[in-house]
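Which chain is which? They are A, B, C and D, in the order written, and residues in each are numbered from 1.
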Amino acid sequence: MDIKRSYTRSELMVTAAAREITEDEVVFVGMRLPLLGFLLAKSLHAPGATGIYELGIIRESLAPAPILTMGDLPNLYMSHWLADTFDTMSILQAGLVDLSFIGGAQVDRYGNLNTTLTGKPLKTRLPGSGGACDLASLARRHIIIMAHEKRRFVSKVDYITSPGYGNGKGWREKVGLVRGGPSAVITTLGIFRFDQESCEMILSSVHPGVTLNDIHKETGWSIRVSNKLSETPEPTPKELDILRQLDYQGYWTGK
Amino acid sequence: MKPSKLMSMREAISGFVHDGSSVVTCANLETSIPFAAGHEIIRQGRKNLTLICPISDILFDQLIGAGCVKTVRAAWVGNVITGIGYNFRRAVEKNQVEVEDHSNFTISLALKAGAQGVTFLPSRTALGSDLFGTNKGLKTVVCPFTGLLHSAVAAIMPDVAVVHVQKSDSYGNAHAWGNMGVAREAIMSSRNVILTAEEIVSTETICKDPNRVIAPGFKVSAVVHAPWGAHPSPVPGYYNRDHKKFLDYQESSRTQEAFSIWLEKWVLSVKNLEGYIAFLGKSCQSELSIKKHSYSEPVDYGY
Amino acid sequence: MKPSKLMSMREAISGFVHDGSSVVTCANLETSIPFAAGHEIIRQGRKNLTLICPISDILFDQLIGAGCVKTVRAAWVGNVITGIGYNFRRAVEKNQVEVEDHSNFTISLALKAGAQGVTFLPSRTALGSDLFGTNKGLKTVVCPFTGLLHSAVAAIMPDVAVVHVQKSDSYGNAHAWGNMGVAREAIMSSRNVILTAEEIVSTETICKDPNRVIAPGFKVSAVVHAPWGAHPSPVPGYYNRDHKKFLDYQESSRTQEAFSIWLEKWVLSVKNLEGYIAFLGKSCQSELSIKKHSYSEPVDYGY
Amino acid sequence: MDIKRSYTRSELMVTAAAREITEDEVVFVGMRLPLLGFLLAKSLHAPGATGIYELGIIRESLAPAPILTMGDLPNLYMSHWLADTFDTMSILQAGLVDLSFIGGAQVDRYGNLNTTLTGKPLKTRLPGSGGACDLASLARRHIIIMAHEKRRFVSKVDYITSPGYGNGKGWREKVGLVRGGPSAVITTLGIFRFDQESCEMILSSVHPGVTLNDIHKETGWSIRVSNKLSETPEPTPKELDILRQLDYQGYWTGK
């Protein structure tokens, strides 16, 4: 349904992710779409944001050349600190990371995320947590980016790799988590936020061309809809221009 | 004069990586992955290895596909640029490989504990997650001062660490720069350490900048000269990431049959690192070489 | 552009070190001791400070003698080359100063815990010692995997760290080299951080060698240009240790009267670092300067 | 009583300390006499020994110029690793340190050492542990170097800063220490070792010119004497020559 539009669904998602980043925030940057979202925000409205990468990289400037993975040498060049993974994790655990982005295979109504095992019994093997569990546990807030399909949007995930709000309000405190939780879910169909009272996911905006019915059809539970439901703003020409420089081969956002 | 630890890749692997060994490698995460050492492990037909690391960018998938692996203790196994590791998935789903599920932080803590000589370390991560169900090295512990619940991560002390560095002398005094991942923890937690190095240099070169040293030389068991030994991953100061090889690997590993062809072509038939480099070809090397140099400024260690 | 954090020593101390503050300093142990910052604390008449570090080579003794200190959390307070710290002994024996007794390792663990965001860390040190009786931040904890007894060290999170480095930009991105002591832990565990630096350099100079960076700039609150700011302790790359000043300090602190004279001469009457350097004199500086230079070789961070 | 001799008592002690170091050992080096002892051993019979210094220094070579403290810049120059104090302590805790030397104000029959508080009630304040408690807890063995005076050699120390064998055999294991214990005490009068059964200090050799009576007079308990009691070998001319180059001002060993 994006055929008539001048941008791809991935471009819309990356742009939405970028807009979640505020100037001067410390962002723990993951791979693929989150990496692009961070670079886009740095290029536009949040030039003062600091990027932390789990490999042991902190940088305040943009890499001087396009990068496909966070370990590409332009991402090390003229960075502000090259250190241990443990250093970046300590910064995260100490509460110094404002925001992170994670992706997943399965999410549920409380924002719990699964990237480890699916099926009942658990039988389909996925790559695993990486740093996602740590980011979901320890960042001040985190944002989930993923494809919106019924098999992925389930009432209860098969396995909690990255804790969201568990089974609702108070759960994080009860299990011993010191802060954080998901603040948004950006999907191929819309943007979701979390109800402060119930900690349940609420549809906040639908992407242009997407209907409420599309969302209900692809969601495995009866999703609540915000009474201030809006349409996700489209990427601006400037955003698209920068994004296409960053992903100049269209590798991540070309389709 | 202390005895040199310099040896061939074949000697280092046959001397320190045995059937059933636990091996920490890929410790820099996406950079300086010791592919040459990993491929020699495959050629020597090691079995029942336990592989340990946070994330492994296709090397674990290759070792698994070649049948070398019984257990994986890791946070993520796959192909960073494309996602799924197909050999890993196949082997786990056929119950050929067991997985101890970590996060990047819990595996770092496990190796850190091993490096520090304690049997566990506390953290605030992973609480409420199901990692506790698929990893026996995770429990909880209560802080004796605050009463706060912490996750407790059991120490890991691998039999051997395989780490790729930029420069080493013959005794294992080595310089490494760039993102360090868990390389220091890998070296300090392991009983034996194999360093593969882009360059072998004099001890004097190393001692001129002792803050650049990765770990004390006395921890190192073997030093192997391995130029291009981390290709297709990048090595700061030496070569860029060969994205195409990682992208191509997706198709080359999607089926067991495709993987067998890949294995024969890139590992078994090239015999050793020299053969691999020759097969790689000069134009590929030239393409990956550092084009825009950026040198650190000297600092003074005089008196 | 981010705002500059560069300020005068007077501004930095008055802005971030208050009566009653807990201060970690002397974090490199015997090198790069921030004497200039310590003397400014004395001149500003701070009271009831808590001082934190492993060993403090005469600076803690001076701050105690000047009446700035209420509590010391440390492993060793004295004069490294001669032994006893007389002001420290007098103050403790008169119950003017309280001591929390650490070992070098337990205080490192306490700061490490603070830096890592956990409320304690386990260790195998100090078990059976009487440190547990004179330090409420030491208890024991049982490993949930092995059942082994460990010492548990409570986290310390100081109000402010004062650390002397070789080079910093105006934003707190700094290069340090030489022995690092607990300087990294000091910076990462503290709410505010004052860096005093031999040289103020461009951000470009720092980013040309990011492995040389001591900690992320965003942790730093104030940067002070303080050449000779660690005299009489040595600073790698800048000046040697002024042994005579440490030796003379033994007599200058043996009695309260002698110390008053020393304090007037070396701290109160010199007004600031510029006055101190002038008082020190050119021939002393020349004598301490680096004679045999030894520069690190450049490494390439290009792409 | 050394007046007739060609060396000082301190020189004898440093030489004795140096002889405890075996080639290729990893030695955690403390300040003052232990520092000299290590440097002397490195210069003579143990050139392959590795020195670890708590400041965060590892070096296998001798410093190229005389040093008075371990942080003197010649001790950093061309060293093999400059790191964190925590790194050196981790190496120690992991069991990689063969030997260390510590000094003290008060020692008892089980080799417990006090450098913190003396008196009953505890009233005289000493500098404290420094790294001594850690070395006594975690090195494979440690050696105590101190002046031999009755007020310092007491049946039971007022405060255990650095654990020896506690109250005898099995104590270290019981309190949770994983290895180690003192292997020798080198004093101004003699050298003491520890009985394997009782863990009690035993006089092993007396320094030239010292009588058994001198030792009994200056020891606060009835010290046991080895049935293989010997005389401490004197420093050789070569040892003295090297030592006087290392301590060229006679600052540590001149008297």
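One rule holds in what follows: a contact is a pair of C-beta atoms (placed from the backbone, for glycine too) under 8 Å apart; a residue touches a chain by one contact, two chains touch by 3 or more.
Note that the coordinates shown come from a computational prediction; the quantities given were computed from them, not determined experimentally.
Chemist: In whole angstrom, how far does the Cα centroid of subunit B sit from the Cα centroid of subunit D?
Modeler: Chain centroid spacing, subunit B to subunit D, equals 40 Å.
Chemist: Averaging only over C-alpha atoms, locate the centres of subunit A and subunit B and give their separation in whole Å.
Modeler: 28
Chemist: What parts of subunit A, by residue number, touch at least two of the other chains?
Modeler: Where subunit A meets two or more other chains at a single residue, that happens at 72-73, 76-78, 82-83, 93, 138, 178.
Chemist: Two or more other chains in contact with one residue: find those residues in subunit B.
Modeler: 117-118, 123-124, 140, 148, 150, 177-178, 180, 208, 211, 236, 240, 290, 292, 294, 301-303
Chemist: Should the pattern of chain-chain touching be classed as line, ring, star, complete or other?
Modeler: If you draw each chain as a dot and join those that touch, the picture is no line, ring, star or complete graph.
Chemist: What are the touching chain pairs in this one?
Modeler: The set of touching chain pairs is A-B, A-C, B-C, B-D, C-D.
Chemist: Help me check something: in the complex, which residues belonging to subunit D touch subunit B?
Modeler: Those in contact with subunit B are residues 24, 26, 48, 50, 58, 60-61, 64-65, 72-74, 76-83, 90-91, 93-96, 138, 178.
Chemist: Touching residues of subunit C toward subunit A in the complex: what are they?
Modeler: Of all residues in subunit C, those touching subunit A are 2, 115-118, 173, 188, 204, 206-208, 210-211, 213, 215-219, 301-303.
Chemist: Going by the contact rule set out above, which residues of subunit C touch subunit D in the complex?
Modeler: Residue positions touching the partner: 28-31, 54-55, 74-78, 80-81, 83-85, 88-89, 92-93, 99, 101-106, 108, 112, 123-131, 134, 140, 148-151, 177-185, 233-234, 236, 240-241, 243, 290, 292, 294.
Chemist: For subunit D, which residues count as touching subunit C in their complex?
Modeler: Against subunit C, the touching part of subunit D is residues 31, 53-57, 68-73, 76-78, 82-86, 89, 92-93, 116-117, 123-134, 137-138, 159-163, 166, 171-172, 175-178.
Chemist: Using the touch rule from the top, collect the residues of subunit B that touch subunit C in their complex.
Modeler: Touching subunit C from subunit B are residues 117-124, 137, 139-141, 143-146, 148, 150, 152, 154, 166, 175, 177-178, 180, 205, 208-209, 211-212, 236-238, 240, 290-303.
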